[in-house]
Every structure is written in C-alpha cells, then in structure tokens.
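Heads up, there are several structures right after this.
What follows is a pair of complexes built around chain A, which joins chain B in one and chain C in the other.
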Partner chain A sequence: MVKSTTKDARDLFHTLRSAYVATPTNLKIIDLYVCFAVFTALIQVAYMALVGSFPFNSFLSGVLSCIGTAVLAVCLRIQVNKENKEFKNLAPERAFADFVLCNLVLHLVIINFLG
Partner chain B sequence: MMNLSRSVALISLFLLPLLSFSFSVDNPTDRRVLVLLDDLSLKSSHSIFFNNLKSRGFDLDFKLADDSKLALQRYGQYLFDGLIIFAPSTERLGGSLDSKSIADFVDSGRDLILSADTSASDLIRGIATECGVDFDEDSSAMVIDHTSFSVSDVDGDHTLIAADDLVKSDVILGKAKIEAPVLFRGVAHSLNPTNNLVFKVLSASPSAYSANPSSKLSSPPQLTGSAISLVSVMQARNNARVVISGSLQLFSDRSGVQKAGSQNQYEKSGNEQFVTELSKWVFHERGHLKAGSLVHHRVGETDEPAIYRIKDDLEFSVEIYEWSGKSWEPYVANDVQVQFYMMSPYVLKTLSADKKGLFHTSFKVPDVYGVFQFKVEYEKLGYTTLSLSKQIPVRPYRHNEYERFIPTAYPYYGACFTTMAGFFVFSFVYLYHK
Partner chain C sequence: MAALESPQPAATATAMRHAFGNVLSVLILVLIGVLAFSIRLFSVIKYESVIHEFDPYFNYRVTQFLSKNGIYEFWNWFDDRTWYPLGRVIGGTVYPGLTLTAGTIWWFLNSLNIPLSVETVCVFTAPVFSAFASWATYLLTQEVKGSGAGLAAAVLLAMVPSYISRSVAGSYDNEAVAIFALIFTFYLYIKTLNTGSLFYATLNALAYFYMVCSWGGYTFIINLIPMHVLLCIVTGRYSPRLYIAYAPLVVLGTLLAALVPVVGFNAVLTSEHFASFLVFIIIHVVALVYYIKGILTPKMFKVAVTLVVSIGMVVCFIVVAILVALVASSPTGGWSGRSLSLLDPTYASKYIPIIASVSEHQPPTWPSYFMDINVLAFLVPAGIIACFSPLSDSSSFVVLYIVMSVYFSGVMVRLMLVLAPAACIMSGIALSQAFDVFTGSIKYQLGRSSNSTDDAEDTNNAPKDDASAGKTDKGEEIVKERSSKKGKKKEREPADKPSVKSKAKKKALVLPLETSIVALLLLIMLGAFYVIHCVWAAAEAYSAPSIVLTSQSRDGLHVFDDFRESYAWLSHNTDVDDKVASWWDYGYQTTAMANRTVIVDNNTWNNTHIATVGTAMSSPEKAAWEIFNSLDVKYVLVVFGGLIGYPSDDINKFLWMVRIGGGVFPHIKEADYLRDGQYRINSEATPTMLNCLMYKLSYYRFVETDGKGYDRVRRTEIGKKHFKLTHFEEVFTSHHWMVRIYKLKPARNRIRGRAKKLKSKTTSAGWSSKSEKKNPWV
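Coming up: the complex of A and B.
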C-alpha cells in the first residue's frame, strides 16, 4: 500500500512536470513573476514575525503590493492563455494593457499607504 | 476722630524703629528676646549664658514670669523674636501670656527655649506637650544614673549626672567636639513617638532611670535608659525652633566635672559650650537656609520655555544660601535632590554643587506627557526645610516632529520598490521575448 502511494506520487510529479514543459514561454514568464512576488511577501511575513508589527501600515503596504501584483499577474495569465475558452475573443494586448493600468493604480495606493 | 488717627500715626511712627530691628527674611537671626524667670536671682546664677547672648547682639528683656504687664504682641505685631522661659515652677503666666499665646508665638515662626526642673508646673508641662515632649508624670521624679553620675555630686544620690550622649550634628552643636560631659540635674522626658519633628539632642545613658531619689522604688520606673531625653529640640514646619530641657542647672555657671568610672577629669564641664552652640542654633545663627528661584531651560538656550516636549534635554539649577549669623554664605552639600514629579517622581537626580551655592543638573524629559513639577524637598537634621516647586507642562510630539522614515520598516520600503522594479522588468521581458 505504501509502496504504491509513493509510486503514484512520483508518477504524478512526472506527468505534471512534462505537462508544464509544454506550456508556452510567455505563460512561464508570468509564472516566474508570480513566484517572485509571493516569495517577497513571504520574506516580509517572516520579518514581521521576528521584529513585531510596529509600523503595521508599512507591513500591510509591503505585503499587499506583492500579493496585489501577484493577483494581477494571475489574472493576466488567465486572460492570455490560449487554452482558456472563456477569453477566446479577448485580445492579449487588451489584457496586458489592463494589467499595466491596474498595477499603476496598485502601486500608487501602496506608496501612499507606506507612510 | 482726627485726634485718634493722629495718635495712631504717632504710635506707628514709634513702632517703626522697633520693626527694623526684628528678624526678617533677609536677616533671620532673632534680635529681641524675652526672658521669663520665676526668680530674679537666676540673672546672676546663669550670668555666663545671658552675657554670652548679649555679647552676640541679642536684646534680652528680663521679666518675672507672673509680671502682670507681660505681653508678646501689641497691635497685632510681635514685640519679641525669641522667648526663653526659665520659670519651671510658675503655675500661671502673667499679663496676656498663657500656653495658647506661647503656642501662637511658635506658630508665627518664632523660637523658644523652655526649661523645666524638679518642680515643673502643669503649665510648663502643657507647653512641652504641645511641642511633642512628655515630661515624667511623677512630679517628684528626677533622673538618676548610678554609673554616669558626676563625682562632684554633693548629695550622693547620683542625681547630678554627667551626660555625653549628644546628637551627631555639626549644625546643631557646632564643628568643635564637646570634649567634657555635660552636667544635668533635673527631670526626664520622653518624645512623643508619633511626632516626627522632635528629636533628642542630649540623651541619658542606658543605665539611667527616672524615679524619686528620696523614696524607695516600689515598682519598676516607667522611663529608663536611652528613651530618656535630657534635652530635646523641635524644628516646626514653619522653621520655628524650640529647645526643651529638663534641667535649669544645665544653663547655669558651673565648672569642673569628672564622670564616675572614667579617668578623665575636666576643669570645665561641657555645659557652656553645649548651651552656647545650642542657643546659636535655636536663634537661627546657624543652619538657616534660603533658596533662590528654580531656573530651568533647554540645553543650549537661556530662556525658560513655557512648555517642554517629551525627550527634550534640559538643565536645572537652584541657588541655596546659608545664614552665617551675619551674612548669607553659599551652601555646600552633596545631598540636595530634585524630582521631576507628576503624581510620582519620574526623574530623581542629586544636584551637584559648585562652591558658589549653585546646585545644577541636567536630564532628559521622560517619554510621558502631562503637567509636571520640579520639586526640591530638602529636609536635613538641624537645617530649615526647603520645599520648592515649579510647574511645567510637557507635550507630546507634533505631527511633523516624528522621524520621517522608520528604521524597522526599511524592509517593507525595499519590498515595495523591488516589486515595482520587478513589474517594470517583467513587462519588458513579457513583451519582447522571442
């Protein structure tokens, strides 16, 4: 029973990996950006756990800028993915323009809240 | 009507020169002293003490204690600055004097020397009780000491004792050590334990007790040992000084003392020096302090601000002078403290003295805002109490006095700008990748 589960896990991992290699490059770039943003957010949470939450507004501002831009990047990925039936008629340029504008608003708000 | 006002004006003109000789804030030594005696022969038997006072510039006015023309006040002004009562057996004081008027006299800041003796009357005991001193209730009791008596005791009942247990205070007893013991024959008194203004200047040795010397003791004596005080002193809260002694012979002219059990024989007893120094202290020739105003300002400025901010650096100073009998000398001590007080002292610092009487220190205002007081409460044994305070408010930071960037938040600032840079780089890479 145990042996089969480990074999299943390893098979799962291999199928995921081979499927992922097949994704287009632009989606992989977006994935990399999302990982970078989430990683930055995790560093900030670890720092806050260490020193305490004294300038809480700065902490929120830093974490939310990372999470916010990650969320916007995920939205971009959904809209640009050609395999997605829902956004078949949406031009990828329009999706990218939305992404840029939303990020501008996000960073404006973040800098204001940073204090 | 005109006559009355003119006579009042004339009388007040006559009183003016009297007023200029009295003690004042600038010249605190007493000048005019009323001496009440119950027997005018005390003038000669205590001549050394009185002549000493006269040579130091006091105006002594000798009166019998039951003289019907006695008055301490006239038209609301006190005629005397000091009072010496050497009338232990007087039941009633003459004129307008009674124990209440004497209590008012001390309440007005004036000084008193009171001496009881073996036949102390209720009046004298009452005045002493007002000052926190309780004489032995037995009117025939005297202080007896079988180990510290004077060898020159003629009666042989060991009531003339040679006492040397003096209070250790340079300001009360002078810098010179009193070598010879002090002769004492009289009644014992104890101090009221709830009174914290009165203290012993000359106490009896541990082997002394208070009893009737001519009758056998039927029960153990109530007052024994060092609880017996022979001479006590009280400094009231308004800095009036009172000396209460259990023996009139203490002040008299005497000489030659040898304490039983000791090898030393002194030609002169310590009485004269003891009594002289004590009278100097009682009449404010020594130990009288005056403080100038409290001065405080921020470091680097000279003006006194109306309000401080938390965590300001400030400097504080006060001038204290001591009266030397003729002039104000700078006071030098290392135990004057200042408190920065709001319900409890947030800062308590000892002031450092320079030789000119200026006490100063500097400290940081605490991180609490509110209305504070600079308080100097100085109570040293034998010195006048100094109680100074000055109020000053402390405000918190204004909104533009905080630090612009908080150091602990630097990682968050960095994260935000890194994210923005990452977004910028990402958009280029996304658009122009192959």
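Coming up: the complex of A and C.
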C-alpha cells in the first residue's frame, strides 16, 4: 500500500513536471514571479515570528504587498494565457497595462500604510 | 447586389433605433436624477433649510471644523468639548467619508466663487447623492438584466420611502453617501465579474475604500461578496473571471480598509472580516484544483486527489483547530457588540442595554415593510423568479443580496435601508420582464402575419405576476418557459438555439390582445399608487426635522422652536467653559448649536460614563448634586413634554436611564421606580420615583401652569405638586416648557455641625464614601 502510494506519487510528480514543461515561456516567467513574491511573504512572516509584530502596520503592509502583487500576477497570467477562451479578445498589452495600474494603486496604498 | 443593399437600410434602421434609445435613456436618467433630488426637498419647503435630528449635528460640527481648519487639523483633532473629562479622539473614531465629501464639495464650490455656506452644502448633500445612487442602481441592474430593467430600478430607487427617510434634505448622516457607495461598489463588482477586467477590479477596490470611509455597514459588503463567491464555487460556476473579481478585492480592500483610522487593524483582527480571508484561501485552492485538472489526465488527477486529500486533511484540521482556539478565547468570539446583536437579536437586550435602547435598533413591525417599500414588497418575489430564468453569476448575486438584506432588515429597523436598493433592483427586473411580455404580445398580435426577425427581442417567460395584484385576474394563462435575454452583449450566441425552440412554442406563449392591454394599464396604475405613496411618505412622514415641531390646530399652525431657543440661551448666557449635563440624546445638538462642553453625547462609546449620568438622574437631589459636582457640571438640561404633549421627553426615557445606570451601579434598581410593575408619575408613584432628580427637574413649578399639574403625555395629574429644589436652581424654561435648564447651586460656605452623621446616612448613594471632600450638604 505504501509502495503503491509512493509509486503513484512519483508518477504524479513526473506527469505534472512534464505537463508544466510544456507551458509557454512567458507564463513560466509569471509563475516564477509569483513564487518569488510568495517566498518573500513567507520570509517576512518567519521574521515576524522571530522578532515580534510590533509595528504591526509595517508587517501587514509588507506581507500584503507581496501577496497582492502575487495575486495580480496570477490575474495577469489568467488573462494572457492563450488557452483561456474567455479572454480571446483581450490584447496582452491591455492586460499588462491593467496589471501595472493595479500594482501602482497597491503600492501607493502600501507606501502610505508602511509608516 | 440586391442582397447587399437590403441589409444596409436595415442596419442603419437598427443603428438609428439604438441611437434614439440611447438618447432617450440618457434623458430619462437625467429626469430620474432631478426626481430623486426634488422629492427630498419637502422639509426645506415646509420648514427651512436646517439640519435635522441629532447625529447630523455632529457631522455638521465636524464639517465646520474641517472647513475652518483644514484636513491635517481634522485628521488629528482631539475634541475636549465632549465626554468631559475624557474627551474624544475625533480623527480616530469618526467615519470620515461624509465630512470629507461635503468638505470637498464646499471647498470646490468656493474656489469657483460660488459662496455657499457649509450648512447649505451639508443640508443638500443627501439629495445630490441620492440622485447619484439612482444612477448607480441603473448601472447595476443594467449589468444584471439590461437597460430596461435598469431604468425601472432607478426610478423605483429615486422614490422608495425607506431611502428617503434617511436622505431628506437636512438629514446629513453617513447613510446619505454610504448607500451610493454600496450600490456603486456592487456595480463595479458585477462589472468585473462580467468582463473579467483587472481595471474594473481596481475601481471596485477603490469604491470599497470609499464605502469603508463612509459607514460601518461596509461589513455587509465584505461578507456578502465572499458569500457570493462561495455560492458560485459550490454551484459549479467557478471561472477565471470570478478569481479576478474577488482576489484583488480582498488584498487591496483589506489594505484600504486598514488605512481608515476607525477601522485600523480591525480589518485583519475582527471576526467580521474572517469570512473574506477564508473564502480567499478557498478560492485559491479551487483555482489550483482546476489548473491541475486542466493539465493532467483524468486517471492521474484521481491519484492526485487521493494523495492530496489524505495529507491535506491532516494539515487543515490542525490549522482549523488553532484558529478556533484563538477565536474562542476572546469573550465575544472576536465579534463586536453591534455585529453580535445582528446575529443574535436577543444579545443586546441581555448584555448591552444602550444598544437595545436605541429605537432604530428594534426589529421592525410588519406595517413598516409596507410603509417603507410599499408595492415593491410583492414585486420582489416576481423579480427573484425572473432572476432564475437565465441564472447568471450576476443574477445569483442579486438574489443573494436580497435574501441577506431581508434577514438583516428583520433584525433591525435601521437596516431596512439596506433592503431598499435590493428591493428596487428586483422589482425593476420584474416590472421590466412584465412589460416585455405584454408589449411583446401586443406587438405580435398586431403584426400577426409576419414573424419578423425584429422579434429577436423574444419571448420571455411571463413571471408569476399574480402576486402583483390580484389585479391581473383576467384569467390569463401565465406559462412558465425557458427564455432568452433581450439581445444584449454576451448572450448573443445562445440566442439562436432557444429562439428556434421558442418560435415553435411562440403561439402558446403570447397573451391575447385585450388581456395584455388591460394588464399594462393595471401595471401602470400600480406604479401610480407607488408614486402617490412615496410622495405622501416624503411629505408627511419623513420630512420632520425634529428640532422644530409643528402642530395644526383651529387657530392655525403652531411652531415649537424650543430646542433652538434653549441652545441659543445657553450660548448667550453661560460661560464658554461651562459644562452642561443632559441625557446623551442631546449631546451632539448641545455641542453644535450651544457650543458648550457636554458630559455624554450620542456616540455612546463609554457605557460607564453614561451610567454615571443615568444614576445622577435617578438619585435624590443630594446624591445627584454630588455626582454632577464631581464632574464639574454647572448646568443640567432636561427635556419635558408634559405641557404640550411631546412624547419623546426625558420622563418617557427615564426607565432606560435607570436600567443603564443600574447596569453599572447596582444600588439603582428598576423595581424601586415601578409601582406593581407599572411606571407611574402620579400619586401612586413610588417614593423613590417622586424624589428622584428627573422627576423634580421636570415637574418643578409645573403646577403653576394649570393649577392641577396635568401631564398631557402621561395623561394624569402628577404625584408631588408643590416642592422646592434645594440643590438646583431653575435658570431657564423655554416657551412651551419643552427644555428646562437648571444650575447647580454652589457649595455653602458654612457647614452646619452635623458632619459626623454623614457617614451613616450615605450608604444609599455610595458616592460620598468614594469622594474625598466632605459633602457640605448633610
């Protein structure tokens, strides 16, 4: 039972990996950006656990800026992905412009809240 | 060639029709705005351009301060003229949206050299924003069902009495701008959901920020939207557009909400926001699942699922256990008092008497539904059914909105206001569908020979309109059928399939000509009844400024302007630093109009302080004098309606003072003031009642008015008629005895030699034992 589970897990891992390799490069870049942002957020949370949350607004704004930009990057990926039928008519430039605008608003708020 | 030419005139014909339709829509919208503005002007015409009620006076005072001192002073303002000696941090405890909006409008107009005073801007802010709110309703309903429904919903909202009651000219309160912000935020959410554009998601977050700035009811939005997202996920309507509509809103929205000082860290720490975070996590899990499902084969996907589920369950369980332990450890489970009283309607009456005592927080009665939303009450079910005929994301949202708002309006009368836009949207949809069916039938019957392609504006199902009167009782067969939308945006492709199917059934769907005409006329009559009721409600029921009272009698109109008379007396005849004590209802008005420091006001944030004043009002003169003296009070103000029959006076509110005081100081017991469970002030009243400060201050010298001391509100002669005041002296009584102001007599210089007897006599009050100085009165 355990052996078949590990075999399944390995098969699953291989399938996932091969499927992911097939995605276009621009999407992979966005995925990398998302991973970087989430990783930064995790580092900040770990730091807060070590040092304490005293300027809580700084902690909040730091973590939420990472998560926010990750979420926006995922939205960009959804809109730019050619396999998504719903966004066939959306030019990738428009999607990127929206992404930049939303990030601008997000970071304006972050800077205000950072203290 | 001929084939090419014939579509040309047809194409220009439809283009012309669309252009004409657009111009007509714009004209109608302008007229709706004018209607919404003018129906709220009754109080300005009947009385004068004055700020109403109690809370608007505080907002007015804050706006005055803002316009005089600028925004930095306003943001950091510590107000020491209220809640003496505690003061109040205005910057951190007020929702700044309304004052900033009015201040901006005032500043903008003044910079254009249009010299409107701050008071005028404040009085007319609400009608202007109600016009904006009806336009926002048009936009929202148009996203759900099309522009016909949008126009119907907009005109219904412009006139609905429930919204009028909180936004007449002069009612300068948070809801005036908050309802506009609410509808606009919902519109942008639906727009994002329909288009999947990140631009609208940004706008949605900014509109939500405006809503958070304006009203504490923003928690409704941040709980309704996650509920809707969850509903969509559970019913299998997950789509990337849902993710784009929801995820950026949560992150940006939380950040923006944390920016407002009133909310601050509550945006991440209180239970009211946890739903949004939970659904945020859920939507990410669902998105991941869909993504993996997309790149794996079905067999591998099953393997993945079993693996993940087994591991994930364990992790989930641990995390949930930690969360539950954290939340349960706080006494209210993390919820604030007001939200708890919404979830458990009996909570406030058991634990927080102040919330329970506000009349706006009581559950509404059945007649108030018909008073406040009138005809819409039975158009709403028809609208709900019409939303289900093609169930889309947006129509499921509107259905969820109305269900939730009906529940909350059932808990608190004040929340009927949140029900009003939902009811208007639903009724607009129902009316529009009904009109479609009838006019479609008429058109079909009249042009019976040709099944022209014009009727791609098709057959709709006839909604179950029989609720909408008993008037459409001409035995029409209302057949429930699948429908297609009027040729609007995204429903173009499916329009072909059902139209083929329904063309075959079309003859069965169409109603006879006479029936349709009669039904149309009856619907128009229904609308006429609604309009008449709304205008009546606006003119008679909701336009009273409550600071000026009028009554009709045989010799004409009597105007009772006692409140302003007494506040003016206070501001002219007392020193600037004198403190005035009264029940908390009049705090805002006293600070705004009389410009004197008060002890408690309508913000009611400090229950103990209010209980102190309540105890003082319920105690005998000596004890009350001591309490007030310890608070540096110079004047005491009571409102008395016995001479003219004004029912909202302090004697009628007195039992609440006793309850609130008794909640903190146990020596005040409500039973002491009741005779056999009945509240009396006549000869059968209890001695505690006849000796308490409130009784004495209200009825001092009252017997001189008619010789018998007949109280017109309680409809009885008072119990103790001839008495003198020992510790207070009367300084002012207004023209109709509505407001009575008393001054604390100063402490005597000579103490008579009975100081030793003091200690045994003061156990009843319990105050002297706490105060350091000797009580000179015993």
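In this section, the second predicted complex is superposed on the first by the 115 of 115 C-alpha atoms of A that agree within 3 Å, B and C clash if a C-alpha of one lies under 4 Å from a C-alpha of the other, contacts with A are read in each partner's own complex, and residues count from 1 in each chain.
What we mean here is this: contacts are C-beta pairs under 8 Å (C-beta built on N, C-alpha and C of every residue); 3 or more make two chains touch, one makes a residue touch a chain.
A quick note: this is a predicted structure, and the numbers were derived from the prediction, not measured.
Upon superposition of the two complexes on chain A, no clash is found between chain B and chain C, which fit side by side.
Applying the stated contact rule after C-alpha superposition, one finds that A:V51 touches chain B and leaves chain C untouched. Of the two partner chains placed by the overlay, only chain C lies in contact with A:V105; chain B stays clear of it. In the superposition on chain A, A:S61 contacts both chain B and chain C. By the touch criterion defined above, A:N26 reaches chain B but does not reach chain C. In the superposition on chain A, contact of A:A37 is made with chain B only, not with chain C. For the three-chain overlay built from the shared chain A, the minimum Cα spacing from chain B to chain C equals 10 Å.
Put simply, chain A uses residues 61, 110 to touch chain B in one complex and chain C in the other.
Of all residues in chain C, those touching chain A in their complex are 196-199, 201-202, 205-206, 239-241, 243-244, 247-248, 251-252, 254-256, 258-259, 265, 268, 287, 292, 294-297, 300, 303-304, 306-307.
Chain A contributes residues 25-26, 29-30, 33, 36-37, 40-41, 43-44, 47, 51, 54-55, 58-59, 61-63, 65-66, 69, 73, 96, 100, 103, 107, 110-111, 114-115 to its touches with chain B in the complex. Remark: chain A residues 5, 8-9, 11-12, 15-16, 19-20, 56-57, 60-61, 64, 67-68, 71-72, 74-76, 78-79, 83-84, 86-87, 90, 95, 98-99, 101-102, 105-106, 109-110, 112-113 touch chain C in the complex. Put simply, chain B touches chain A in their complex at residues 406, 408-409, 411-413, 415-416, 418-420, 422-423, 426-427, 429-431, 433.
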